[in-house]
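Heads up, the next two complexes both have chain A, just with different partners, chain B and then chain C.
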Partner chain A sequence: MGLMHMKNPANSRKKPSKGGLFFFLAGLIPSLIIGWVIYPMVLYSKQAQPINFSHSIHMNPEIVDGIEGDTEIEKCLYCHEFREDGTFAGIPKLAKCTECHDDPDSALGESEEEKKFLSKYVANEKEIPWYSYYRQPDCVYFSHIAHVKMGEINCKTCHGDHGKTDKLPVYQANRLTGYSINIWGRNIAGYKTNTWDRMKMDDCAECHTLKEKEGNNACFVCHK
Partner chain B sequence: MEEEHGHGNKYGMVIDLDKCTGCGTCMVACAAENNLSVRPDESDKQHSITWMSLYKISNGKKFPDTEYSYFPRPCMHCNHHTPCVSVCPATATKIDFNTGIVSQIYARCIGCRYCMAACPYHARSFNWWDGYFPKGKGLERYLSPEVSPRMRGVVEKCSFCHHRLMRAKTKAYTENRRELEENEYITACAEACPVQAITFGDLNNPEHKVSKLAKSPYAFRLLERLGTEPKVYYLSTKDWVRKFADNYLPGEFKPVTSPKG
Partner chain C sequence: MELNRRNFVKMLIGGAAGLQFTPLPWKLTDDIAIWTQNWSWLPVPQAGEFTLEKSVCTLCPGGCGIEVRKVDGRAVKIEGRTDYPVNPGGICPIGMGGLQLLYNKSIRFTGPMKRVGPRGSGIFKDISWEEASRMLTARISDLRKNGKPESVAAIDGNPGRSTMAMMVERFIKAIGSPNYIRIPSIEDTYRMSNIIMQGTEGPMAYDLENSDYVLSFGCGLLEGWGAPGRVFNAWGNWHEKSQKKNIRIVQVESRASNTASKADRWVAPRPGTEAALALGLAGVIIEKRLYDDEFINYNTFGFHDWKTADGTNHTGFKTMVLKNYSPAQTAEITGITPDRIISLAMDFIKAGAPIAIYGKGKGTLNGSLYECMAVQTLNALAGNINMPGGVIIHDPLPLNPLPAIKADAVTRRGLNRPRIDQAGSKRYPFSNSLVNNLTEAILKDSESPVDTLLVFSSNPAFTLPDHGRFEKALKKVPFIVSFSPFRDETANMADLILPDHTCLEKTNDIVWPTGLQYPMYGLARPVVEPVYDTRNMGDVIIGLAKRIGETTGASFPWESFEEVVKTRVMGLYNSGGGIVDYDGSAPAWKQQKQRGIIDQGYASFNDMWKKIKSGGMWYRPVHTYKNREGLFKTPTGKFEFFSTQVETAVYEYSKQVSRNKALKAFGIKEKGDMAFMPHYNPESAGKKETAYPLLMVPYEIINLCSNWIPGPPFLNKTLFDNELRGNDSFAEINPATASEYGLKENDRVIIKSQVGEIKVRISLFDGAMPGIVYVPSGFGHTAYDEFLKGKGVNPNDIIQAGKDPLSGQPVWWNTQVQLIKV
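Let's turn to the complex of A and B:
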């Protein structure tokens, strides 16, 4: 019964002062800016690729002749080939480039980028130290042949338009984990509009479930 | 956990103890295959790590009746109530009923070692230090990219060379095959054994040699009565060896070869 006689504490409280709101916002807004804008910028280091490689020039049969293949995917596989044991060769080695760029003294085109490539790498027979945008952590096992050949999934589903680009984006690595930004995605709020926006564990599993390959959601399928 | 094997594969191993000479090649092959790190003092067996251990047993009799036998011991990949899986608080270890293999994901492991306490077979080891591969001695050049190295603070164990399964599948895909042939996927220890005491294959496939051997009257498993259903079977024609596999009360053990004992 005593409760009925108690004063409602809300009625006795003073009105909040405008100053309180000011200090609240003065704290909140900078925190949001630090959290959503500055921190993501600081979190990722930026590195330029050693040279610019243009997929669009090399995939254009009118400019570059000799990338064999009837379909687009076969042309991609001309450079990004499967080895005899089914493993994926990944980014091609210099030997692939020198099939055409064999003479460091005579360029195939006019561009500065090619001259740099010839003098720095072809002339010295030095491999190009590419940064890999899509490389997963060491504990992850991924099989291209299972997806591309058996699953008939397009490169684009996971790599977007990288195979059509003219300019290579800067490579960004997470300073804490060392993983490329392409793994966790560029959108810090975690929104994903395209299948290739990011490739975290959940994104792999999401597609496996969608394609009714739940059996591939066991730890020892994707991990080693 | 209550799921059972209906279809799919159930990889397993049969080790013939009558053939095993205790040479230790399986241990070495396993260590090299799976990036097992070494300790500065490898003779300190309390702290060194092996996925495949070798136990020596004796019938305890005086000369000329003395007999020895050796027990190579990988992870048993228990099929039922997998003790380590049921206690792991981090889901770092799981059993995949499509292969029967018990996985261990080092990046997920929190190092509580509950699984080590739960494992009846001592098949798990704890990393007290980061992996150590002495520089300049060439060891780091033998590291395999197919197996993750372990860090300090996690538990590791035999994986039935799971990466060899993925390797075999990848190879089969080049030929548009999904099914593997019998010996396309075998573990490093089975491959290395000079007397071929270790047979590896699919226990669910009646055509595979392992499933035939596992049905032999001489076949047994370690601590079978715990009901963990190990996928590693042993063969021995010697009753005293088979008796070592469990703790029998007097009169409980049923000899196979010489029923009188």
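Let's turn to the complex of A and C:
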């Protein structure tokens, strides 16, 4: 009886330990899949921009000669301009588009996107409801002119090679926060390889520090 | 390998452990934190381009200059303009809060509507402008066809001199109805007083900034009287240390209002006895022979006793005042000691440039005509009429008149019918509108004499004293049309809504801000695109007239309201000399005093019009002082202490009835010559009623809308806890009166008059006169949204409105009440 007593617990210890690992993994692996694959898919909504605008066509002087500027940055600023008071206009308003595309009946091209642009927006004088990839929260004060003119930072440093793209990326908004995916970064773990991969507070601070502007890491500089 | 409890737990542990190696928990925590910052109800500022638009505020007849800050086309803030002569920089809280009147859908109408619920329910159905216009014009055309155009009546709250008011009046007359009825305001009292005493048609122009002794009879200088921004600025100037002169402000008012508390001297006569006080002061000045001899002897009529050609002896103002208003007699009436009366009179008359000004709070409602005249006699005695720092006499603004209306037989017949309110008739010869008479006329007959009532820029069902009777009258009117942009109490009674734009969306003019001392024309322009499907009332009127056609349409040859404004403004250009900009370096009141030469800022009419449209102003700060030749246009050509016009009016009316009956019909108690001079009427201080031993006096404050405009909900936050708490508003009473009734702070009471009762809480206030219950005006809406509806009570609910002698306008400041503790 005594032996039986001695063995029995050992038996019962061994048996479940084999199956235990299986069940442990049965919990572990799906949760890794959920966390790394499914969660990001569920978290972000996907919206196509109202019109597929091609930056590369507009930046190509052989196709479009209206965009003036000697340097790349000047060309960006031709449309994404600074207003008279120094504030940054961001995504251009329709009025900027119609500086060149002023005739709704013009044969701009054959593509559906161009037709949509002319018939839906230009003809009705309706603003295009662009999605903004880089809109920061309201509690963040950010001055473009300070970075571009004083800091001499290229657009690309923060926004990537957007100017060379032929298609606008699908806009993805965080369903909880409402912010664009570009703020947290496309990598769900928050890893980045390029300066433009992410736009969180740490990224601002990192650059400030790199450029020996630690003073600008003070809270009130951005959170006024 | 079975899934027992133990293995299930292991699976859970595995799952939990696995999650730690994914970004999920960390990102989720971060996102949840951000999520809490982005709830849909949290206000988020608009992003986009900042722009500033300049315009003029038209929420009251003050017309302060405003600057509207916009972000991406959305108006986000209203501020005072520093480049506007009336109010260099400041505006009142209502003007600032006005932004909410633009966007708030629960306050304003979003398009034309017709009533589907019972009257007063506010249940409407959206209709098109086409349908709305058709409904109204078909009705008017039918009335015209049936030969009854006079049964169309209008109630208009647009400031009297404005082009919009002119359009409404023209529309009603072009239909063929004489019944254009205006909402009473202090401007009526000024107008009648000026006509009777001076024979002048120009507006009341008080040169406050240049005065060194301002004796204010009831003007709520810090409560929003006149152009609030102007008065605040003047108040600041008066108290500048750099001012060499010792400027004194005296407030005559029974309650310690903000103005009274901040004045250099506060004089509190019993409410309704202000006329006696003014005459008492006049008595002291006369008795001590301190009046301006030259002015009195050469420019006035009726000061000394005189004998007419037929040998009748007449009592002059001097004798009348000395006999009836000695300091002792005045003290008896007003409750101010004889010493104080004498010292006040001496201070006033010995000041370098004294001015006595008249008002009642903000001036939203009318004042007492004889009282206003009594105050004006002080200015005459001081000889400050048409002098710097005094009361300046101007011609009306030289705007072009509109051409005469075209009239066919129907129109002519209609216009020859007597007015329903009897204003301008032999019985009310000086009034141009008597809305209280309209109410009574509608209630009197079994059938309403008004078939179609059009209501413009006013909310009489809220603002009129004893508006309950007015509402009762409204119920009898078969068809009511409201042009109000707001979902106000009167609009809720309407059958059809043709909503006007709100202040920031429309072209509208301010023709001479109330009380300003130099000619001034302000033009408000749209600073935002119309937010909803509303239309400028002026354009709507033109459209309606054209649709009615015939001579009504022909009377409106313009394409737009702006064209009408432009036509009128042409008159300013033709009159020569005017300024269309302001940089703050030379205040207009200083310029006018120094008799500067106008450096006209425009080359042609088109240039001027362009500048007025963008800058919003035209003004002419030059004036010829002292010259009194031909200044007074009374029958005697002089400033009349004894009004020959009133005497004639009584005489004319006494052709129908006896002289005594005529006087009685005019509401004048006095029988002799005194009837034609400013005098105190004991009834204006309330009748002695033992059952209702207290007097209720409504009062106005700067951050509460007591006129037809709904109070912007922002302003609720500025009210003190003893003004509004939850849904309770407060009545102020003196602690002595409170202890008589066993009342403590915050107690709930019923204030009961013979008309009705209201429930309030008690606020004990040493600045309240014993025996008086002070109730703020502007609370107690039964319309609008949660921020206005049911918040507090409206004193107008229980006002027992008497009739002001001579003018016939409502007396709203002396309702007898009792207090019942709840």
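To be clear about the criterion, the second predicted complex is superposed on the first by the 208 of 224 C-alpha atoms of A that agree within 3 Å, B and C clash if a C-alpha of one lies under 4 Å from a C-alpha of the other, contacts with A are read in each partner's own complex, and residues count from 1 in each chain.
As a convention for this text, contacts are C-beta pairs under 8 Å (C-beta built on N, C-alpha and C of every residue); 3 or more make two chains touch, one makes a residue touch a chain.
Note that the coordinates shown come from a computational prediction; the quantities given were computed from them, not determined experimentally.
> Check the residue A:F22 against both partner chains and state whether it touches chain B (first), chain C (second), both, or neither.
second
> Just checking: does A:Y179 make contact with chain B only, chain C only, both, or neither of them? Give me first, second, both or neither.
second
> Is A:L32 touching the first partner chain B, the second partner chain C, both, or neither of them?
So A:L32 only meets chain C here.
> Contacts for A:D138 in the overlay, against chain B (first) and chain C (second): which applies, first, second, both or neither?
Both chain B and chain C are touched by A:D138.
> After superposition on the shared chain, which partner residues are touched by A:A146: those of chain B (first), chain C (second), both, or neither?
first
> Under the stated touch criterion, which partner chain does A:H223 make contact with: chain B (first), chain C (second), both, or neither?
Touch partner of A:H223: chain B, not chain C.
> According to the contact criterion defined above, which of chain B and chain C contacts more residues of chain A?
On the superposition, C touches more of the residues of chain A.
> Kindly classify A:G190 by the partners it touches after superposition: chain B alone (first), chain C alone (second), both, or neither?
second
> One more residue to check, A:D85. First (chain B), second (chain C), both or neither?
Once the two structures are laid over each other on A, A:D85 reaches both partners.
> For chain A, what residues appear in both contact lists, the one with chain B and the one with chain C?
Of chain A, residues 85, 87, 137-139 contact chain B in one complex and chain C in the other.
> How about chain A: which of its residues touch chain C in the complex?
The touching residues are 16, 18-20, 22-32, 34-36, 39, 43, 83, 85, 87, 89-90, 135, 137-139, 174, 176-179, 184, 188-190.
> In the complex formed with chain A, which residues of chain B make contact?
Listed in rising order, the residues are 8, 94, 96, 98-99, 101, 103, 105-108, 146-149, 159, 162-163, 166-167, 169-174, 176, 178.
> Give the list of chain C residues in touch with chain A in this complex.
Chain C reaches chain A through residues 1-3, 6-8, 10-19, 21-24, 27, 30-32, 34-35, 37-38, 44-45, 47, 49-50.
> List the residues on chain A that touch chain B in their complex, please.
Against chain B, the touching part of chain A is residues 82, 84-87, 137-139, 141, 143, 145-146, 149-150, 215, 218-221, 223-224.
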